[in-house]
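Okay, so subunit A shows up in both of these, paired with subunit B first and subunit C after.
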Partner chain A sequence: MTTNRVLDVRGLHVSFRTQDGVVQAVRGVDLHVLRGETLGIVGESGSGKSVTQMAIMGLLPDTAEIRADAIHLDGNDLLAHDAEALRKLRGSHMSMIFQDPMTSLNPFLTLGTQIAEMLRLHRGLRGRALREAVVHALAEVQIPKPALRAEQYPHEFSGGMRQRAMIAMMLAGRPKLLIADEPTTALDVTVQAQILELLAVLQRERGTSIVLITHDLGVVAGSAQRVAVMYSGRVVEEATTEALFAHPSHPYTRGLLASIPRLDHDEGALQPIPGSPPDLEALPAGCPFRPRCSHAVPRCSEEEPALRSLPGHEAGHRAACWVDLDALSVSAVGESRAQP
Partner chain B sequence: MFLLRRLLWMAGTLWLVFTISFFLMRGIPGGPFSSDQKTHPLILERLERKYGLAEPVLVQYGRTLKDLVLHGDFGPSFKLLDYSVNDLLAQGLPRSLALGAVALLIALGLGVTAGVVSALRRGGLLDRSLMLLATMGIALPNFVIASVLILIFVIQIPLLPAAGWGSYRYLILPAICLGAPFAAYVARLTRTGMLDVLGQDWIRTARAKGLSDRRVVLTHALRGGLLPVASYLGPAVAGILTGSLVIEKIFAIPGIGTYFVQSALNRDYTLSMGCVLLYTALVSSMNLLVDISYTILDPRVELDG
Partner chain C sequence: MSVPRRGASPLLAVRDLEVRFGPTKLPIRAVDRVSFDVMPGETLGLVGESGCGKSTTARAIVGLAEIHAGSVAYEGRSIGSATERRREELPRKVQMVFQDPYASLDPRMTAFDLVTEPLRIFGGYSKHERRLEATRLMLTVGLDPRFLNRYPHEFSGGQRQRLGIARALALEPSLILLDEPVSALDVSIQAQVLNLLAELRGERGLAYLFIAHDLAVVRHLCTRVAVMYLGRIVEIGTKRAIFESARHPYTRALLSAVPIPDPKLARTQDRTLLRGDPPSPDRERVGCAFASRCAFVQERCKHEEPQLEGEEHGVACFFPC
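Let's turn to the complex of A and B:
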């Protein structure tokens, strides 16, 4: 592990015991985030992208069983931390903002109170200094009239303003890592862009590393330096954002890219990925994407491919697929999918 | 504005209750001075003249209302000689209020604590035993609880007096009996409210901030979790007030409840009118207080209507 990594996760497994059986939500995930960079995590609902981050934060319910080879955060070995020690890292070393700023802020407390709680806990501020820091925190996320706004309750804020306040609150403890779980999904498009821009500005100023969880490849393209694509509890492709969009090397990634509309060239109808994600309680043998994959070979139903470096690609570009997609032309993907 | 409107409503309610009770009491057969023994017609006539019962009912109604509104005077008690109703109420009210207040404190203190503990230990042994106890508390009538408590704390272990009025020790048993069913109900409400709030997104946010579990529960969950309890406070106070009729009788406490029962049995028109109006005033002002407390608890609620 190099010290340049703020977060380094290896071999993370998370499963939930339910009445119907064991759900394997995360199955051996390796992730790392460099200092000051934004890592995008893309995947559909149930791919394990949120659960992975909640596991790192220690926010999963007691029914979750977490196993990992290593989880390091800024020099702290999280696996060696008990619940109480982990709690102390939350807010101060790692923070998280959530999808819905409507429900994620406490409706019974003023925003000033909710932000002050962070400053008191993690920076030991009291009295006048505390009040000033609250106003300053709101001003930093470009909320107009911060002194007045600090006295107001969440229901008096618009959605975008709430997410700004949320960001102010979660960055108040000066964490090294900010996990943003679909931070713009509940907002309208213009506000989305403003929030992403704000995150980028704050990141430049403070050198905070960000994990940006989203299902929107457009958000990733604009904000992340590197991307990990998750499918059914595993990372199936990992690359710099540029390389991922230029040379997607997993059929699932290609499918995702083919399913978003593009303005620059007319490709006719959008290509949806056929089928639906597998049942995490009863995963098929072999590659979990195989039932939906048009390139599947016999080996795919026998053995699950591991994430491996791709020869001929830039270093760090890894994918979990038995098939060498470079041997097939991109148009072949479209053709083969056109068949029933 | 809100307060003014509510106070006007309260005055209207009191007038309506006054009117209905006035005519109902006079409508039922028998009067304050009818008894098993034959009273001489002349004596009866003089008694009725003295207490103003000889006049037409509407005249009596007007006079009683005028005395009440202008002088705050309920008149003399018909049965307890030489006592005015105002004296009796002034004597009884502090006792009943003390009893009711302690019972309410017990109901809230025990109920909220048990509810929070249950919610935090959801599904555990403690949760299940507390909720079993709560169900029993709701199901058992308070005179049964009273008998059991007297049996234990007066007869088996002579710690407390069985009945009467004196020091605070006379208050303990009746207040427990009066508060127990409400404590049980408050416990259930608190548990449900807390479980609801603990599942909210903002609780996850609070945990993500690195707050201790205690702080998450006390500052972030409790307030929302207590909203159902706050809305139950109105009915609870009314219930405790009416429940005190029975409890005061059982424990022989000379409070409003005892006067209420006596005056109704005795056809003591003035005293029972005093009790009825006092209860009405208490219940409606409690409801007003509850509505105001709601706005303090939940900033999203505004007072109007």
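Let's turn to the complex of A and C:
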């Protein structure tokens, strides 16, 4: 394992047993996160982006079957950890924040009490030192009047303030890795900008690595150094943020970029990706994107492409596609996609 | 799609609309003296953050929220005011599409029932005519008419929103109020629905009142935009005026907060970070509603409330940018 990797996941599979059969939510995901970087994970509902992270955190229900070749977090082999050992790593080594902070906050306890619990468990603080650390934690996430706010309950906070409190709580144990699952999706755009800025500041100060799960390509462009694009339980493209936006190589990534309206200029008609994502219980043979792809060749329906390095692209830029899209111009991709 | 000419008569005229919730002593002014027109064939975007009153405005127009003061007129005829309740007379020509296609369609009705319910209610159609009409509507919104016997849960989110649109089209409206019609949808599906809305508008000369918090989507679809803050319109103008030369500090802050999906631009993006959250609408307001978060606030803003001024491009600010 390369030492500058805080998180290294190889060959992760997650499936759920349901009444209707087995749903393969994650099908062979390789991911790594470098020290101090933000990895953006982009994908639509059902792409497996959240399940992947929940599996790493050990937060999936018993109905989930998890298989992996390796999951390493900061030198710890998570596959060798039982539930109790994983619980100890949560908070101190890895933390997760969610779209809706209310689902992770206890409505019956003051924010101060909940943050104190983290500090007591993971940093062994007691008494006055503990009380001071609580106020300090709230102040660090720029909550005004932190001493007063520590005495208040979650319902007394606005959405943005709740997410700040959540970040304070999840960073209290000084984890190396923070997984943020759509942390700003429920927030207004002006508040979203504040929270993203706060995460960036905290990351600079502490060198925390962040996995930022989002459906918003704008959020990724502004906050992540690298991006993994997921589709149907697999990573289909991986690159630095610059490279991904400048030279998107998977037809799905290109399709996504062509289908979003832009604030900074007027575009003509949008070029949507036709169809909808496949049913995870009945994936098509071969590449799961094939039914929506306008570049499919016969091989695409026979064999699922693996993530591979792209010749002529910067190192680390990988895509899972049989077709060499570089041979086709971007405008050609657009034209063939014009029909909804 | 051009700017509506002054002098042409509006399809929808909203005047000093006020909607209040809560106790009469300390009401929440969800919509506070809002006025605007929607001209035939135009798409007016109503934007703002949660709680600004944009959805309540639409709900008041179609009679789903009680009007406290002011009036709503369709083609010059009143369709709602505080004194008269004429909800039943809401013209068939005004229809609404809701945000959540999971919640706004009755799960026990088939696609056929859902799409033809407006025809059934307004009468005059035989079962056979409704069948034909249903097939036509399904094709119009890009759904396979063979799915008419299916229930909402058998459709994907994007398809459900198409059903909602088909239902709204059934009575051949000239104005559709669209309340966040694509925000519950995945990115790749959003574009499909936005294109459908643009096509329908082109083919049928529809006017839209398009409510959204996603400013990029609004820029894509709208011809004119009104920005709301705490129940009031703070700026209104053509798409160009709002997106290229916004004058209200709030509009500017809102635009600068939108993340741009381009890492090069994102790095150079000029961000005006707003402090805090919008104040609670239940407080008795003195001065400008935005004063507490405004970077350019002056003494006057704290005592006096600015009115929306300007014909084509209206701004409610004493010190516009």
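Keep this in mind: the second predicted complex is superposed on the first by the 332 of 340 C-alpha atoms of A that agree within 3 Å, B and C clash if a C-alpha of one lies under 4 Å from a C-alpha of the other, contacts with A are read in each partner's own complex, and residues count from 1 in each chain.
Keep in mind that, in the parts below, a residue touches a chain if its C-beta (ideal position, glycine included) is under 8 Å from a C-beta of that chain, and two chains touch if they have at least 3 such contacts.
Since we're looking at a predicted model, the values are computed, not measured.
In the superposed arrangement, does A:74 touch subunit B (first), subunit C (second), both or neither?
Neither partner.
Please work out whether A:218 is in contact with subunit B alone, subunit C alone, both, or neither, and reply first, second, both or neither.
Second partner only.
Which partner does A:191 reach: the first (subunit B), the second (subunit C), both, or neither?
second
Please indicate which partner A:173 is in contact with in the superposed arrangement: first for subunit B, second for subunit C, both, or neither.
Only subunit B; A:173 stays clear of subunit C.
Which partner reaches more residues of subunit A, subunit B or subunit C?
Comparing touch counts on subunit A for subunit B and subunit C gives C.
According to the stated criteria, A:259 is in contact with first (subunit B), second (subunit C), both, or neither; which is it?
A:259: touches subunit C, not subunit B.
Touching A:272, do we find subunit B (first), subunit C (second), both, or neither?
Only subunit C is touched by A:272; subunit B is not.
Please work out whether A:65 is in contact with subunit B alone, subunit C alone, both, or neither, and reply first, second, both or neither.
In the superposition, A:65 contacts neither subunit B nor subunit C.
Which subunit A residues come up in both lists, the one for subunit B and the one for subunit C?
none
Mind listing the subunit C positions that touch subunit A in their complex?
Contacts found on subunit C: 49-50, 142, 156, 158-159, 186-192, 194-196, 198, 213-217, 219-221, 243, 253-267, 269, 271, 273-274, 277.
Okay, in this complex, where on subunit B does subunit A touch?
My answer: residues 200-202, 204-212, 215, 219-220, 223-224, 297-300.
Looking at the complex, which residues from subunit A come into contact with subunit C?
44-45, 158-161, 188-194, 196-197, 215-223, 241-242, 245, 255-264, 266-267, 269-274, 276-277, 340
Which residues of subunit A touch subunit B in the complex?
Touch residues, subunit A against subunit B: 57, 59, 87-92, 95-96, 98, 100, 103-110, 117-118, 121-122, 153, 155, 166, 169-170, 173.
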